[in-house]
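Look for chain A in each of the two complexes below; its partner is chain B in the first and chain C in the second.
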Partner chain A sequence: MEELIISIDNLKEIARELFNNDCRVIGTTAENKFKVIDDPEQLILNPNSVPTGSSFKEFFFPKTEPLFFYKQNNSSIDLIDPVIDKSRIVVIGAKPCDAAALPIISKVFNWDYKDDLFNTRNDNSLIIGMSCHYNDEFCFCNDVGGSPENRKGSDVFLKPLADNYFKAASVTPKGEAFIKEYQKYFEKDLGKNKPLVRKEENPNHFDYDKVKTWLDNNFENKFWDTAGEMCLGCAQCAFVCPTCHCFDIVDEQNGSCAGRRAKNWDACQFSLFTKHASGHNPRDNQEKRYRQRISHKFKYYNDKFDEILCTGCGRCSRGCPVSLDILQIVEEINSLSQKSNAI
Partner chain B sequence: MNELKQICKDALSEKKARFIIGYKEDKNKRIKPFIAKTPEDAEQLTFNHHAVNNLAVYLPRFKNNVEGKIGIVVKSCDLKAVTALIQENQIKRDDLFIIGVNCSGVVLDIAKEFNKDNTQIKCKYCQAKTPPYYDALADESKDFEMPDDDQAELMAKIDKMTSDERLEFWNAEFEKCIKCYACRQVCPMCYCEKCIVEKSEPQWIDTSSTARGNFSWNIIRAFHMAGRCIGCHECERACPMGIPLTLLTRKMGMVASSEFGYRHGMSLTEPTLIGTYSTSDKEDFIK
Partner chain C sequence: MDNIYKPELVEIKEIIDETPDIKTFRLQFKNPELQNSFKFKAGQFAEYSVFGEGECTFCIASSPTRPEYLECSFKLAGKTTSAMTKLNVGDTMGLRGPYGNSFPLEQMKGKNIVFIAGGIGLAPVRCIIWNVLDLRDQFKDITIICGARTVADLVYKNEIEDWKSMSGIKTVVSVDPGGETTDWKGEIGFVPTIVEKVSPSANNTIAILCGPPLMIRYTFPILEKFGFKEENIITTLENRMKCGLGKCGRCNIGSVYVCKDGPIFSYKELKTLPQEY
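Up next, the complex of A and B:
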């Protein structure tokens, strides 16, 4: 297959065409936030930017969405299905740590119950990923099976070249069809634009297999007494995370005889998360809740779905009000695992 | 720095405090809350312009678990929260060993160096570098000229808005809310064991992050802070969505001060504004 390149201007033209065809075009703007792009000129693709404050999961798994509406009519109750937005979603310029999250959480949304709401959006989506040239003390994609060039979750993958050009390659059949659909905007790569290269390779921090083995054997360990000791129990980490997917289901009244049942983001660091109707709470302190957060990401999800529930984007650590750093916690587990091996 | 370490080390070895809630620097040079339990732990304690957290938020955890004094490192702004918690009977003065630090300002963005463009709003109108009372004092301050209080300008602008314009302003801000409750969790005055949003029989506040749910949550929290917020600005710092929450709390503090001559967290013995009825209280705002 011939190698293709595309200019930023032509990417913006594609965005314009998509927007005019009622697509939801998601991209980052000057404020480095994912949003629905209505003006393609706003679109910025910068491989050197820090991961956005929030991931783009809200466009696939919104912070709140109705499951159905209800209305009482004399003695009967009408149940009304919500209208599922079937419009095409195109994400332009996702970092590998963002794109990789979708196939990971897709497994839980298709485990026993098939979640139509997530699946409809996911099936109608196209992800244009891009190499990442950013790295800071919170990044660790290459420790959790990713890399700054990882194509997992992307349908089309871009590599930045000089003079605002990108090398473009399809990753999936969906991506191939997309490039074909918009082929007039792509050019043959004649090798004129030199690839931009990352300044340095990302360092490795821990050995996932060792961390997993330690977690398998240390549900009870005094490490947990202090790991989450300073955690205040908010959900900043879970809500900005591209892979955290827990939700709560609530009924909300609107008017006297009508309302809706809604699916809302929830988080394991909330004290109510595991509180039973009886009043008993199996995770009755923050230390236990923090153990759950780490174990779910690095053990349980792997046991069940053969995936690590973390893409190493570092968002949770950058934003934590008390500077709890997930990488440092996992590094500590890594060093504990080495100590236990030595004995 | 050594002064603070020494004070804490002595306090722990002489059993003046059971443990000390303070700050430590992690391997990325980030300052974070830390509990020193032994004199050796105290070696890790530190303080600098990056010590933004109001550590008083941890105190209500120990409300019913006091066997020996709790040590806590406080800036003068944080001490107001400690005082307010004592005024509101959440903790006793006698159960605390307060290590005050002279502070000359803390950062807004912890990832960046402290300078006049990276200073917490509260520092710009801070009146006291030295905490008014303490059991020990460490001087870690350096001279620093504070930049202008630009929030006051924005507040004046909001004051001039019509109520419809204000509603539009706040609706746009609250739309960003994701209900992570970081504002509540980081707030030393939000210590309710069961928050009103967690009361589900009946459900007073929608838990959904809809326009209605977000507005109800943010306004009810503001109401509960009326005359109680001590102005540490932790809610705004913690908000991952960048909602300017202190515009509300600071305004209410100003109203409490101008209308009732009261500022919360300023005196250990003064009865609280919300907890006191006086026949001379103004009623002209009830319409």
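Up next, the complex of A and C:
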């Protein structure tokens, strides 16, 4: 297939066309935050930037959304479906650790019962991923099956070249159709723009298979007594995470006879998350709740859906108010697994 | 859009005050076609809701052999159940379901069955009891052991009397020590103690039990002592749930989602799960 390149200016032109065609264009701006781009000039694609504070999952799985509305008239009740925005969502410049999260969480929203709220947005989306040249002490994508060049979840993938150009390749049929749709903005790669290279390869931190085996056998282990003891239970980790997907269902009354039932982000680190109406709570302390978080990400989700519920973006650790570092925790598990092998 | 979170509307046809804090609602779908097409199996649960207050999870307490209505029994505990206690006959609620797996009815056929329940744990057991009784000739000897803290806390009192009067069923009812009244004629003791006293034979027998976590924990070893194989001891778990659809993330025990892989588990299956329920 012909190799293609595209300039940042032409990417902005595509963004402008999409915007004019009522698409929701999601990208990052100077403040390094995913937002709906209404002015394509603001769009910035910087492979050297730190992952944004929050992932872009909220555009697919919003912080709060109505499941339905209800209206009471005398003795009858009407239930009204929400109107889901079916406009096309195009994410421009997703890091591999963000793009990979969508196919991962799509599995939980689609086993047996299908969540059409998530699916409508996901089906109408197109993800333009971009290789990542950033690495800090919190990054570990390559330890969880990813890499700075990983195309999982992307429909089109960009690699930065010199002079604000990107090498562009389609990853999925959807991406191929997209490039065709906007082919006038792409140029043939004549090799004039040299690829930008990453300063250094990302280090490896742990062996996932060993961590998984340890988790398989150590639900009861004194490691858990201290692993999460710093945790405040504030759940910022879950809210910034691209793969955390737990939610609550809450009725919000608006006046005396109408309201909505909403799906709101929730998190396993909250003490009320699993508390029964009887008062019994299977995860009655933060240590148990932290074990749940680590085990869900690195064991349970993999058992159930054959995916690690973590893309190694490091957001949870970067933002943690008590500097609880998930990478350090998993590295400790890795070293425990080596010790238990030695015995 | 296929909205998996939107309930169907049901009407409260009858309210039975079981105890000072437990009620049973008899419900019918507002849409008569749904009432005819709604199918469920004993042991499955549903999400019941009061619009403006919330949703909560209870087993379906009536038997699938009696499809003209659905029943749920609930204890006043939180926001939604408080709102439910204020509802009247004729009021409308929401219902989503049925969800989850079911009691192994086919595996139970041709066998003796021992039903053991404590408190409101009798609700899911009552569902399978009537299911079995409505197909009586397909099962062998039936024993029902149920208990509550006090005489006033016993649920389904009239039905217990029905079971006592039916031939071929051994029904033993107990209350916790101190919970008896002066005219109490049943047993006095905690459910596990009563199970030990009744000493059911494990031969060709399946035990179905539900009740408070402590009751279940102390009954398992007694059944094992009588020779029950762990795969022939069946219980139902009720972890906190919101969606009932395997999505919201709170009912898991290890890698198992109670709402989809359960709520019915054999003791054999429970032994493979972490102690987090």
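Following the convention adopted for this analysis, the second predicted complex is superposed on the first by the 343 of 343 C-alpha atoms of A that agree within 3 Å, B and C clash if a C-alpha of one lies under 4 Å from a C-alpha of the other, contacts with A are read in each partner's own complex, and residues count from 1 in each chain.
Keep this in mind: a contact is a pair of C-beta atoms (placed from the backbone, for glycine too) under 8 Å apart; a residue touches a chain by one contact, two chains touch by 3 or more.
All of these numbers come straight from a predicted model, not from anything done at the bench.
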More chain A residues in contact - chain B or chain C: C
Chain B versus chain C as contact partner of A:Thr274, first or second or both or neither: second
Partner chain in contact with A:Pro321 - chain B first, chain C second, else both or neither: first
Contacts of A:Asp248 with chain B and chain C, given as first, second, both or neither: both
First (chain B), second (chain C), both or neither touched by A:His205: neither
Contacts of A:Ile84 with chain B and chain C, given as first, second, both or neither: second
Footprint overlap on chain A, where chain B in one structure and chain C in the other make contact: 248, 250
Partner chain C, residues of chain A touching it in the complex: 67-68, 70, 72, 75-77, 79, 81, 84, 108-109, 111-116, 120, 219-220, 245-251, 253, 259, 261, 263, 266, 268, 273-278, 280, 282-283, 288, 292, 295-296, 299-300, 303-304
For the chain C and chain A complex, residues of the former touching the latter: 1-7, 9, 49, 51-56, 75, 77-78, 81, 90, 92, 94, 212-213, 238-240, 242-243, 245-255, 257, 260, 274-277
Touching residues (chain side chain A, partner chain B) in the complex: 53-54, 63-64, 137, 229-230, 232-236, 238-240, 248, 250, 252, 262, 264-265, 267, 270, 272, 318-319, 321-325, 328
Residue numbers on chain B that touch chain A, as the complex places them: 26-28, 30-35, 53, 57-58, 110-111, 178-182, 184-186, 198, 203, 206-210, 213, 234, 237-238, 240-242
